[in-house]
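Note that the chains are named A, B, C and D in the order they appear, and that numbering of residues resets to 1 at the start of each chain.
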C-alpha cells in the first residue's frame, strides 16, 4: 500500500527523524492560509501515488500567500499518471547545501532489508544506480540484530565527512530502520536528505510503502489508506477480495490464481488480443466474488469480450458458474462471454450454465482464441 | 523415486482443525498420505476424524508421532510462529501453504529455519505431490500421474494446468513442487533442480516461473553448469506492466529487472527450452526426452 | 538495583500485564483513605528491598478502613532484614483459585535470558527448585529472536490447561519479556500469577531487579531508586563511585579491585579477624574517593582497625596516599591504620605518608596480619 | 611460546583517543606491542602520537593495517557496538577492557561474535600479556617476566598480586590472561586451559577464580579430563555474603550456588592444587613443577 508523503513524514517524525513542518491543503484557500501562517516562501507539493511529480508540474515554489493560492489551484487540477491530485503539502522552502539519498527496501536476493545510501540525492535512485553505481553504498541488515550503530556510521561516513553530520545521519538511519520495521514497510525512503547551510540535516521528502500483508495487524497504518487517490475499480476489487489491475486492452479476464491469470493474459496477447486487466478471484471462490468481478470488468468501456479461465482445484467451478448466472441476471452483458471451466465439480457447473443458456469450453487455448476473435471482431492469430 | 516426500513421509498438519486445514487433511489422507498427527493449541488429546491425534504443540506432536514433515495451514499472522515452532521442534521438512505472510516476518523466519537445519517450502505455495506416493499441500491428486518428469513452479493453478496437460499427454511426474509466489521463501528453483538432478527416477524437468526477481535466471545458469537432465520452462507475465504486483507478492517487475523477456532469454541462453504457451511444455518435453 | 513491588507493577502494567489496582501509602492515614476508596477488604504490603516480607509480618489483610489504618501503622514500624519499612502498598484483596510462578533472569551458563515457570506459585522458587524440581519448566530465550509465541505457549501449557488461560498467560510471558529487556532487567518475576474463581489471570505480586550497568542510559528507570530504602553507608559509597558492602566484622578494608578486595577480606578471616566491609575504590583512584572511603568506614562503630591494600597498576599509589593524609587531617582516626602500598608511584606515596607521620608496608600478608592483631587487641592467628 | 598473542600480534585500539585508550596505548607501545592503528570516528586521517594512524571505522582500519587483534577502551554504552564492529570486520581476536557493559547487551554480542568466528576476551577484563612479546590491555608490564607458567584469572589487581609474587619468586609466565568479572563474557577458563595445554612453552597453569557461577567447577573437571599439565588455583570470596554483588557483576552467590567453598572443593576433587592465600600459589607451583 502506498501512503502519501505527508503521512510518511508523520511516521518518520514520530521516530525523531528531523523533518521541517508542513500542512496539507485540499483547496487553494487552505493552501493560502497555511502559507500565510508560515510567513515565508513555501513549496507546494502534490500528494499523489506516482513518481515524477516534479517533472509533471506537481512541485512548485510560492513566495507569497497569494502565489501559494494560485499555485495550489494549478496543482490541484493536475492528473499525474492517471491519478488526479486531491491534496497538496505546503511546507516552508529550505536552503539546501547538499542533497543525499537514503532508503531501505526488502531485498529478495539477500532475503533481508537492504539500505541504500548515496551522496547523489534529489534524483531518482534508479538513475544513480544505472549511471554512477559507485555512488551507492548498499548494506543488508541482519534481521536478528537490527541495524547496529557501527553499520549506520559506515553508511553515514559514505554521505558526510563532518563527524556531527555523520552522527546525525547515523541516528536518522537507525530510526528509519525502526520506522520501517515497526510499521511493516516494504520500502522507506528519504530523498533528498539535505544539509542546510548551517550544517543541520533534515528529511525534505519522505516515501513509504507498506506490505499489504501487514495491514491486518496494523489497523492504524491500514487507516492511512487514501482511496480517493487510487483507481476506483481497484478499490472496488479490493473490497470484494479480488486482486485486480486495470490495463488498456479489450479482453476482460477472470481467472483463479495469479500465475494462471498472467498466463491467460499472455495467451490473449499471443493470439492477437490485448488483456483489459489482471484479475485473480483467488482460491475460495464464492459466487459473490464472481458477481463483483463481472461488475468491475463490465464497467470498463474498452472491454469487447469477457473470458473466464477457471481451473478448479480448491476453487469449485460450480460456485463460479453460479456467480456468472447471478451476475448476468442482475446485469445482462453487452459484450460476448467465453467460459473455460475444468476441474472440481465441472459437471455440476456445466449443468448450471446450460440451464441459463450458457456453455463452457474445457481447453484453455481454444477459449482464449475464441475470446480474442470476439473482441477483435475477426479471427485470432 | 521422487524428491522431498515419498511413501515414508510421516506428516503433521499444523492448523488441522481450521477450515482449510481440515479440508485438505481429508484430501491428503484420501490420497494415501500418512498423516500421523495434527496441531491445534487447546485441542490436544482430541482426534481429527476419529483417527488422527491432535496435540497442543509441535514439540509434543513430534515426540509422540515421529513426524518428519509438517504442513502449515494457520492464518497469516501466526504462520511465522508456526514455521519457527516446526523448525525448533526439529522437523526436517516444513511446508507452509499460508498466503499473506508479511515479508518482514520471512526475513526472520528464513535464518531461524536455516540455523536449525530444516528445509522450508513456501510460504504461499500449493505444496508438493509425488504421484502415487504422498501429497503434502493442496495440489489436486487426480490431475497427476506417476512418471519420470519433475516439475517445479512458482505458481498454483498454472501448475495444475501444465500438469493436467502433461497427464493428458501421458507424461507422468516424479514430484510436482510449488515453491510459491512470495519474494522471500524457503526452497527455491535451484534446490529443486538439484534434487531432481540427483533423483534417479527423474528424466527431465519442467520449470514454471513468472515475473519478478532473478531466481529463474540463476536457475537457468544452474541448469547449464550443473545439470545433465533436460529442462524446459515457461514464464508467466509477458504482458504484465512494471511496478504492479500481479497477485503474488513476488510477481512484480522492479524498474527494468525481473521481466518475462529477461527470464526467457536466460532460459534460451542456458539451454532451457522455452514454451511460448503452457501447452507447448508437452511438445518440448517430448522432444527433450526422445 | 532493586525497585519496589509497586514500581515493578507500574512497569508491568504499562506492558499490558493484568495487575489489580493498588496505591502507595507512607502513613496510616493515607492507607486508611486508600482502603476507604477501594471499599473492600485490602491487602497491605510492606515495600522494602527484602525477601520473606510475609514471614516478617509485612503483608496483612484489613477488612475495614480502620483496620487498614491499624495494620499499616504496625507494618510501617517494622524493620525487615535491617531495612525499615517506609511505604506500604494497599491493594484490594483478591479471590484466588490457583497460584503459579513466572520469572526471567539472565543466566550465565546459557548466556541468555532464561524463563522459569511453575504451577507451584506463591512460595519461594528456590524452595520449589530444591524440593520439586520437576515442577519448574525452564526456557532460554534466543536474544536474536526474542520470545516467540510458540515458546510462550509451551511455558503457558505447563501452567494451565484451559486454552483461554494458556493464551492469556502466553501473552503475559511475552509482555514480561518485553518489560524485562526494554528496561534493562536482570530479574523480573511474577509470584504469584493467580487465577480468579472466574478464570481470569492476574499478577498479584511483581518483582524486578535492574542491571546497574543499564542505569546510565535509562534515566527514567534510574529515577526509581529509593535511597530511603537502602543502607545509608551504601548510598554514600555509591555517590562517591565506590563499591561498598557493609558486613559485621571489625577490620575495615579499603582495596583497589574487586578480586583483591575479596582476597583481602578472606585473608583477614584467615588470620583470625572479621572483615567489616567489602570496599573497592576502583581503578582511577582520585584522592576524594579515598577520603569518602575513610569517612564511610569510620562511621561504622564496629571497626577496630583499618586496612588499606593497594596494588598500584592503573591506580596511582600517590593518589591514595594523598587521600589518606587529607582524610586524616579532616577527621583524625580513632582506630589504628595499616597501609599496604605497592606499584605505580610507590616511592612518591611513601614520601607523602612519611611527611604526615604515617608508614606503609609492601607485603599483603604482613599487613593483614598486623591489622587483625590491632583489631583484636592480640596477635593474628 | 604463549597463547592468543605474541610478537606477530598486530593490534588495533578502538577508542585510541579517549582518556584510558590513549594512556594504555602509550604503555603498550612502550612495552613493545605492535600497535598498527586506532579507531575514533571523526578522527580518521589523524595520527596518534605522530605515529599510529587513526581510522573512522574498524573495517577501514583492518583493510589498511592488516590488524589481527583489537583492544576496546570505549565507554560502556558503546562497547557492545564496538565488539560487534570488530567481529564484523573479521578481526579474529577481540579484547574488551570496558567495565560496566550491560549484561543484556552481552547476550546479543556473544552469539554475534561467535557467528563470525572471532574470539572475544572480556569485557570488564584487564586484557592479557605474553611477557617479553606483547601486551594487550592494562596489566602492568613490569610485574611480569617471561617464563613457563600460564595464568588465567577472573580478576585484575588480584592477578597482579599473584603474578608479582610469582615474579619475585623467579617463576616467569608464558601468558597471563584476565578473562574478566562479568557474568557473560567471551573466553572462559576452559578456553584458556585448553590453549595452555596445547602451548609447548607452558609447563604449569595458575587459575584464579572467584565466587559466582560454575565456571571454575567446570574448568576443574576439564583439568582432570583433558589436561596433563599441573594446575593450581585460588578462589577469592570465601567471606562474601550471599546475594550481594562483590564489585564484579559476576561475583555474586545466588542461593547456595557459586560459593568459594564449592569451587575449592571442585578444585580439590579434580586435582587442582588449592592455595589458601594468594602467596601460597608460589609454593604450590614449585611443588607441582618439581
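Annotations for the structure displayed:
We adopt the following convention: a contact is a pair of C-beta atoms (placed from the backbone, for glycine too) under 8 Å apart; a residue touches a chain by one contact, two chains touch by 3 or more.
In this text the structure is predicted, and so the values were computed from the model without any measurement.
In the absence of chain A, chains linked through touching still make up one piece. Set against the C-alpha centre of chain D, every other chain centre is closer than that of A. When the C-beta contacts at C-D and at A-D are tallied, the pair with the greater total is C-D.
Work out the mean CA point of chain C and of chain D, and you get 28 Å between them. Between chain A and chain C, the centres computed from C-alpha atoms are 55 Å apart.
In chain D, 108 are the positions where the chain touches two or more neighbouring chains simultaneously. Multi-chain contact residues, meaning those touching two or more other chains, occur in chain C at positions 144-145. Arrangement of the chains shown, judged by which pairs touch: an irregular graph that fits none of the line, ring, star or complete shapes. Listed by chain label, the pairs that touch are A-B, A-C, A-D, B-C, C-D. Here chain B touches chain A in the complex through residues 76-77, 99-104, 106-108, 110-111, 126, 138-140, 143, 153-161, 164, 181, 183-184, 208, 210-214, 234, 236-241, 244-251, 255, 260, 276-279, going by the rule given at the top. Within the complex formed with chain B, the chain A residues making contact are 106, 108-109, 111-113, 126, 142-144, 181, 184-186, 211-214, 216-217, 243, 245, 247, 255-263, 265-270, 275, 278, 280, 283, 311, 313-315, 342-344, 364-365.
Chain A meets chain D in the complex at residues 145, 148-151, 153-154, 157, 163, 166-167.
On chain D, the positions that touch chain A within their shared complex are 41-42, 56-59, 78, 81-82, 84-85, 88, 108, 112.
By the touch rule above, chain C contacts chain A in their complex via residues 144-145.
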